[in-house]
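The first chain written gets the first letter, and so on, giving A, B, C, D, E and F; residue counts start at 1 in each chain.
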Amino acid sequence: MSDHKPSFAVFRQRLNARILEHDNLVIKRFFALDSQCYREGALDPRTKEMLGLVASLVLRCDDCVNHHLTQCDQLGVNREELFEIFQVGLVVGGSIVIPHLRRAVNFLDQIEQQNQPPNSTD
Amino acid sequence: MSDHKPSFAVFRQRLNARILEHDNLVIKRFFALDSQCYREGALDPRTKEMLGLVASLVLRCDDCVNHHLTQCDQLGVNREELFEIFQVGLVVGGSIVIPHLRRAVNFLDQIEQQNQPPNSTD
Amino acid sequence: MSDHKPSFAVFRQRLNARILEHDNLVIKRFFALDSQCYREGALDPRTKEMLGLVASLVLRCDDCVNHHLTQCDQLGVNREELFEIFQVGLVVGGSIVIPHLRRAVNFLDQIEQQNQPPNSTD
Amino acid sequence: MSDHKPSFAVFRQRLNARILEHDNLVIKRFFALDSQCYREGALDPRTKEMLGLVASLVLRCDDCVNHHLTQCDQLGVNREELFEIFQVGLVVGGSIVIPHLRRAVNFLDQIEQQNQPPNSTD
Amino acid sequence: MSDHKPSFAVFRQRLNARILEHDNLVIKRFFALDSQCYREGALDPRTKEMLGLVASLVLRCDDCVNHHLTQCDQLGVNREELFEIFQVGLVVGGSIVIPHLRRAVNFLDQIEQQNQPPNSTD
Amino acid sequence: MSDHKPSFAVFRQRLNARILEHDNLVIKRFFALDSQCYREGALDPRTKEMLGLVASLVLRCDDCVNHHLTQCDQLGVNREELFEIFQVGLVVGGSIVIPHLRRAVNFLDQIEQQNQPPNSTD
């Protein structure tokens, strides 16, 4: 398991900081709302992250897909469930979604590899 | 409560039949796959319909939103939960989603009115 | 067979005229380019209208679909061929295309009815 | 000149109220942010409404286009300027924008008719 | 001429295999339907690949464009014809398509270079 | 300050030339129209580039965003104003715009660094 964050996460964090250090109240509030959106409510965060994932997939945004995949993984959504989310995204969004599905599965493979204990014999 | 189906449902049913009576195997299989997609699996139909709803909302398709709203309603997704699905769709998809949100809430009001017993005093 | 144009075609023609009577050179040139685009070239108009149809379908624009359906019909693209264009649009664009497919088939039915001789016994 | 609001504005207002009477904080905050977004800042409201108009046009949302057209009209954006905004939307978004452009010009004609004094001889 | 597949094709093939080795029937059937879609029917595969190309271009998916460009090239669609497909995609989809058009032409240049005999004097 | 163009600009220029050296009149005219679109008219080029920027942002095209950012920067649109354009794009287009916003701010940082005199002590 690698001990450095993938470059995507580093870039994401650095540029989010750059955006928020600028004094634009609407953008700051939007970012706050975006975090608030996935918190516990009538639906639990797990379901909401699943909703965020399928929405990102049909809108075909790789970075958003990766973000929600990471969140889903941390909240215990398993591979069978993730593939059924992919399935809904694929049927709703069509074959144009496939390249994003490939990159999502590739990212998921990386996440799952990182989740394995470093001295695993697999 | 009205005893006739709304015109949207009638049109939908009639034209689906028109499409499927044509001898096009790919289209027929796609329609079958679309039904299969929301059946019990690693995720239950309720969750899958919620995924279908948010995907339809961010892709801004009123007819698809109405269809999944109807399914969600029948599977017991309540108004609080529906509004949190709307919330995810709105934050992910932006203010461009608002006109579709208005029509979704209007349709939901109609569904809930139809669900009331005919001799209700409300 | 009706002897008056459907309201869609009338609105389309009236508003195109309204747009072009305004003195905006870029818009006028765009409209001219749009007509030129489907003329005979390395590809024939029939193939180009088929391309326009599938592009309109995956971008989910009913008016554009209707326009290219009319053109395809006049250039002799038959129902079997049209359904294979729909098939490509459906697979590429996903189930979100289905409501537009329903309206396309409904419009096609209207076109074909108008094409029949008025004293047909069908 | 008609003394009743067009049905679009009535529906918009009624359903916005329906949405906001529901106790969903994220949606309420989004609506507040949406209003705040177009207020005076480094850019004036007039420029911001023009930005909102072109964004709505390329995303092909008629209701959003109508809303920003109304705002632009009230802030004194004239027909020549509006057509140049349409021009940018048309070139960026392509011919798929044309049906929305037709409806926008139709709506603009209605706005301008309503702006005329009631006893105008035109 | 290079004797190794470009990295895009290698990644595509590897991840498609990863997706299909997972036991998800809907996704597997979708992939099968996607292949079936472009086979001989009322329209020939050449026309269908052209339809797939223009649909991919207006939906702005580089990987899909590259895939259908490769298929079109193998089915004998020549550069004049490809540019007319690009032309339809550009007019329908607008200037937002241009970056994808640049990458498509770059990919086409690479395909055509690979098609040349290795001891060509060009 | 670097004396070589960034690779994006080089690729853009080389492929635009490749596209235009092909004898396709519609594509050539479209490119000409695209340039003409942002010239002085009822609106000044500065406003038009701002419109082009927000349209590119909500349509989520990084290359288009970079192009209009460069133009805006050269026409004196300052960082406060740019962030308000971003703000409109973000509210209209939703959180799906955020990854593009990050890349836009990163590109803007690069532009502003290049604008600084080479012996600046910052």
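In the analysis below, contacts are C-beta pairs under 8 Å (C-beta built on N, C-alpha and C of every residue); 3 or more make two chains touch, one makes a residue touch a chain.
This structure is a prediction, so every number in the text was calculated from the model and none was measured.
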Chains contacting each of subunit A and subunit D, listed by label = B, C, E, F
Hey, how far apart are subunit A and subunit E in touch steps, shortest way?
-> 1
C-E, C-F or A-E - pair sharing over half of the A-D contact pairs = C-F
Greatest Cα-centroid separation from subunit E: which chain?
-> D
One copy, subunit C, sits on the other, subunit F, after a C-alpha rotation whose size in degrees, in steps of 5, is 180
Call it same or different for subunit E and subunit F: same when shared residue numbers make up over half of all numbers used at their interface.
-> different
With chain centres set to the mean of the C-alpha atoms, which chain is at the far end from subunit A?
-> C
What is the distance, in whole Å, between the centres of subunit D and subunit F, each centre taken as the mean of its C-alpha atoms?
-> 25
Geometric centre distance via CA averages, subunit F-subunit B, whole Å = 39
Take the average of all CA coordinates in subunit B, do the same for subunit D, and state the distance between these two points in whole angstrom.
-> 28
Residue list for subunit F, restricted to those that touch at least two other chains = 26, 30, 33-34, 37, 55-56, 58-59, 64, 80, 83-84, 87, 90-93, 95-96
Complex contacts: residues of subunit B adjacent to subunit A = 33-34, 37-38, 41-43, 47-48, 50-52, 54-59, 64, 78, 80-81, 83-85, 87-89, 91-93
Could you please specify the touching residues of subunit A with respect to subunit E in the complex?
-> 60, 79, 83-84, 86-87, 90-91, 95-96, 98-99, 101-103, 105-106, 109
Mind pulling up the subunit E residues that touch subunit A in the complex?
-> 11-12, 15-16, 18-19, 22, 24, 26-27, 30, 34, 55-56, 59, 61-64
Given the complex, residues on subunit B that touch subunit F span 58, 90-97
State the interface residues of subunit D toward subunit A in the complex, per the touch definition above.
-> 25-26, 29-30, 33, 36-37
